[in-house]
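Structures given as structure tokens follow.
One chain, chain A, links the two complexes that follow: it is found with chain B in the first and with chain C in the second.
And now, the complex of A and B:
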């Protein structure tokens, strides 16, 4: 028998809360119940009833700009987008054979084989980036798994193991074993008696023996049990010589040299946890899906030089990049997604506080290098299918393609993806030197094949992209406290959007969430005006 | 991983114990890993690079600065979207100007206090002020310490002009 008044399931309960309290209450309830804590997305905005004839000018045809245009047009606004490039998508981009990379100081022609590509900007979508996933589903962008972690990939540090890369699996298992042994010793020596009860100590000892795979003396040593986790000197087989032979774990000191906890910490971060996804065939399928819906609203090759506003509307002054002709576009409202690096150089009529916020927001750099190899030797020779091998060299990592595993023919791997020092080092090199450096540094993982199987490469240094001059916004706790609210506040008839206006910096989710928030506030203001 | 783009450090704030001293590779790596600890705000990134920067001014310029300001230090881009030239830049005549910008960042340019040691910052400033300009008065680590203590406001850069 059921009670008709009380909700029977979580879903019923949530539906009821949503009906009574609206989206905010629903989100709060879902958070309390442990759902949806990862992104503030609660569904597409339900904007409707724009005043007849109301207009919005959107600056920038990246994801934030195109989503703003898409939802505002749906709500009834007349929308135009101005875009400085001759393409839409912003940092959502994919490089394929025949494409051109135009940086400050260099031009590259991409020579990848048909079907191969590099995502030089965003390349993976965590399962909890619900806004991105929502629009992918709505627009029919086909997603496939992105192989985020790989126990069989390598970790390389110059100062560890004489510079010889080791398998991620071996290092993590040995780290766990050694730490367990040491904690066991501390417990047995009574060193933690003040911190744990006797009962908890006994449980901990049992847990450490099991979790750390310790022997009967609570030591981490070579054993079949350890072999079942870190692999074997001779793997299990059939017949006469079927018995596996374990090998020796690394010493504690050697394990520490690898700093394996850096990688463990990296994968422990929420945004790095599985499951991960990527659009089939390239990240730009997302940008193209938006473009298919708002492309007719975009004026390309349009460089905005001045943004003004008064009590009646906004005006963007621009020049046409091809003809040099000057023009102005007026509208009632504006969503500006121009990156802070560029916006700070534009004559912009907003409050001093917002100007100060824009000027106090530096952008970090990153570089990606795609290397096309004749064949997937990382799969055939090293049994590595997707995931990344990490290094403390400038390239940062080598990441293996998640798609097309086991296929023949050329494949593109990600031969570099550093932020920070490594990114500046690579960005400052001419493109051919970047490729040479990536081959040299990456060959530490696959010395027999990396250079000899190389076909062609392409790189993109974000600091050299003339329309953004950097990769993405670098906030700190201090700058957030001083400037974030000033940056995102609606200023007269202008509101800013983009990853820089979010707490999901450098992620597409941040760009989309920021856009949804911006246009919701714009619509409220416009409706009240 | 880089302190610069991931970290919660800002401006002239460095980790205790690292201020004013040369960072060893190990302590730099420590700073790097500590800077990653901001759950929920983490950006996408590669996850490991901690390569050492050179100590000599010209090499530091080539490894870091020319990624934006270009190898001839003449900057790049078009008006409204450009990196300023460092060569022949009259703003650099001010003895402390470059130091404040490198310690605190300005406009699109990040601070470098978490990525370069103070001797490295001084070396590259002296290279830029001496080689691409003709300002002979050297910047020292003591100057950087003095500026950090005084904590002056960041001057407007001539970014984009």
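And now, the complex of A and C:
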């Protein structure tokens, strides 16, 4: 053990500063010490010294619940987890051949070939989600690159280019070309003299000429230089016919029709930036790694109906899903990770403010559809390896597997991943209708192969999963301002955790960071009690 | 065999159209048939029916030479390859522990740990280099993703930000923010009314607000929305201190100082676009795959000094590098892949025009330096996984390995990869001085670790490799116009091949496409003879 007065490592020091000065002081110290301000994660919590015999009841065996249990048990607490499902992991899930998807109103048997899978929940890990990455490393979960952006994938809008998909590459190159030409024109006309110094203007003109690949008249036109970015009518080759032939860029109007800035904005999001990763073989390897460490603490098939507390502890009343038997579990403290959609229906003894927060918290929906195809025709015919083709149809996108590129045999595409309206359209269909819709809509990208090479499909509509009834928390600015602190505040002996209790809604990182914050506060309270 | 009159497959049909109508007709047909115009590669050549006993001498056992030999041998030719080195592969090369780098004036022994390597020549394969990808697939060379762009890597210019590197992410987000704000201003002031229709203007304003993350006054300023792209002062977290705190964007002037458009332009190049790949374990697996198929045809250590031809065949006069013995090899036809830098010094019996082309062909230089570090501090301390940090110092960039992310133990960084001036500066140094310079200059990105965690380094200066004296052909528009067709034209019984005989200079794809074109023409000539 290290001397509790003198911090031995940078992390110890940061933890000490955090304790004494709070978050703002901690942040300042981190910045001074050269930490990239990319994550609030500063290492696993230092929770040593639980009072002998102190007990914690964790509700929910998703990532937040299992991480809470794992770290609290390490700190010396006696932990039990109640989980309504007969599996652990929550939304951290992977569907493989032989698995069953039980939604409200339907049951699907997944028919994918051995080795193929769909991650119906989380599927990619940004490089700055340090908490997820930390536990992956600690637990030996092997990661591989997730191919996020792909210049050669398609963008499709019904109202653009007569409904013909265009390459992301062509549209992005033309977008910056037209923007550069127009801004160059305005600068040269003196229209921005009041806004830009003479020095900046000259540099900016040079920059626009270079970035926009403009010609000597500062116009964006067909040229070999543009071809070197946009691709070619006839690409470069070897020998006598090696000379490439450029083709015509799209007009400004056509480029605007594509709404390409939506995709550019998507890839500019911090959580969507490169590099990204995925666990080899399926996202559920993370859930399974936690389960391997806390599985023995979990009581499965346990539906909690009432949560009470008094000055001495908490009590969860539950029913066993299989036997129907009723039971109660008592503990000194509780970490509740039950999603707000479900928690709002449970008799819960907390403040009215927290109840109001739970009721007010909006959840979004999404649907994922996996389509197994006979072979990777998107690679062999369209030269698309990973990444996503986007459409304004209900499916939202088609995403291509990052793993197994160039391999033969069947592979699973993500055939739909809408939020919002599209997700409710698909969630309202029977699973077989969803597959048909996904095949129909996705065909726009690969008309010659999409239907004819389809083998089998599986889908998951989060709004129809009985244990969550939605995909994840989608706070608005208003609901956040009114209710967030009430939701996360420790209430007597109960603290909530999960992605909904974070500013990283819909991400595993949010679930884990929320759990770390919740158990740190619980431990402080328990230590002071 | 298929009926020679009726094409049986799409590829046969394309080959037939190509024969009858030439390249332009072929391109048109490909487009009509829905082929992406992304590569001139339409499958391996159909060269059946060599005249019994016909012989071909190939000079050089790089990729162009070995592919030529492989396909010509398949077609029935009797092929021999003469190679000056004692190894095959040419510039397709991987340096591992125990290897030796022999430059003019120095010999290095590579000291990397087992499993670590540097690709001193080609190192990445764009998704549209179909010829390379085709032979990788055919020969079972396993590919893995090459992490090309990385939002979290650094950009450094001595004259910008007081020499402090900035994240690629921050600069790119600020670049589009400022560009959007300025163009929005010009549009709203009516400065572009003559250039943009009213309808386009309204859409463009909406687009700029979205893409540039502008506020309601169309200004690019600090906001949570900007933070969601640019990253944060304090990033989002879980629980009570979860709220993120945005930080201030850079000013337009500071953003311009970074010359970030250079990097944006680099990643916009067709050959630099995503997705990219690398062979698992080293680029030389491609060379070795060819060698496994044609190695028995290669005479190593054979320095060609004279190439003659007459109406009946070709003769190469050579010296054995080990024994000094002189020899001659005669054949009906020749594919010569010797780089122009060397070929220009050989007594060569071809037209004056071809000789002039060989003399006129400019070669660029580059240097690569591999630095083995004790551990991946760029991952653990800076959250950089793959991609490159750019600098205007001589090293040009530091590139991080795409493979083995999250692993422990020593790893090799690409510590320098300049073309132009920087490459000659580094090539002019002794190998140990290069390493010292690379450590000094690269330290700007990772000051706390770069020197202290360095283990061993290896470098290769292409201008000092005696068998090529340069990195690759860098045609100018003028030299191309004056000499390219003379260089690639079949001259009697001799045809040249290699990246220098293509419009894909400096890429393996160029070497292979050039070889396919050369042997196709040679076969036509030989069949007609």
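Note that the second predicted complex is superposed on the first by the 494 of 529 C-alpha atoms of A that agree within 3 Å, B and C clash if a C-alpha of one lies under 4 Å from a C-alpha of the other, contacts with A are read in each partner's own complex, and residues count from 1 in each chain.
The rule is simple: a contact is a pair of C-beta atoms (placed from the backbone, for glycine too) under 8 Å apart; a residue touches a chain by one contact, two chains touch by 3 or more.
These figures come from a predicted structure and were not determined experimentally.
A.B. asks: Just checking: does A:230 make contact with chain B only, chain C only, both, or neither of them? Give me first, second, both or neither.
C.D. replies: In the superposition, A:230 contacts chain C only.
A.B. asks: For A:269, select first, second, both or neither according to whether it touches chain B, chain C, the two together, or no partner.
C.D. replies: So A:269 meets both chain B and chain C here.
A.B. asks: Would you check which partner chain A:394 touches, where first means chain B only, second means chain C only, and both and neither mean what they say?
C.D. replies: Only chain B is touched by A:394; chain C is not.
A.B. asks: Touching A:503 in the superposition: chain B (first), chain C (second), both, neither?
C.D. replies: Both chain B and chain C are touched by A:503.
A.B. asks: In the superposed model, which partner reaches more residues of chain A, chain B or chain C?
C.D. replies: C
A.B. asks: Return first, second, both or neither, reflecting whether A:116 touches chain B, chain C, both chains, or no partner chain.
C.D. replies: Neither partner.
A.B. asks: So, does A:55 touch the first partner chain B, the second partner chain C, both, or neither?
C.D. replies: The answer is neither, since A:55 touches no partner chain.
A.B. asks: Looking at A:278, would you say it contacts chain B, chain C, both, or neither? Reply first, second, both or neither.
C.D. replies: In the superposition, A:278 contacts neither chain B nor chain C.
A.B. asks: Between chain B and chain C, whom does A:259 touch in the aligned arrangement: first, second, both, or neither?
C.D. replies: It touches chain B and chain C both.
A.B. asks: Share the list of chain A residues that count as touching for chain B in one structure and for chain C in the other.
C.D. replies: 259, 261-262, 265, 269-271, 503-504
A.B. asks: Mind pulling up the chain C residues that touch chain A in the complex?
C.D. replies: Against chain A, chain C makes touches at 22-24, 27, 34, 36-40, 127-128, 130, 133, 136-137, 143-145, 147, 149-152, 169, 172-173, 176, 179, 182-183, 185-187, 189, 191-192, 195-197, 199-200, 203-204, 207-208, 210-211, 213, 227-245, 247, 252-253, 256, 259, 261-262, 264-265, 268-271, 273-275, 277, 382-387, 402, 405-406, 448, 484-485, 488-489, 497, 501-504, 510-518, 521.
A.B. asks: Across the complex, what residues on chain B touch chain A?
C.D. replies: 1-11, 13, 25, 29, 32-33, 36, 38-51, 53, 62-68, 70-71, 76-78, 80-83, 105-111, 115, 156, 159-160
A.B. asks: For a test of understanding, state which residues of chain A touch chain B in their complex under the given definition.
C.D. replies: By the definition above, chain A touches chain B via 84, 104-105, 122-124, 155, 159, 259, 261-263, 265-266, 269-272, 303, 305, 340-342, 344-346, 359, 361-366, 388, 390-397, 416-428, 461, 463-464, 466-467, 469-472, 474-479, 503-507.
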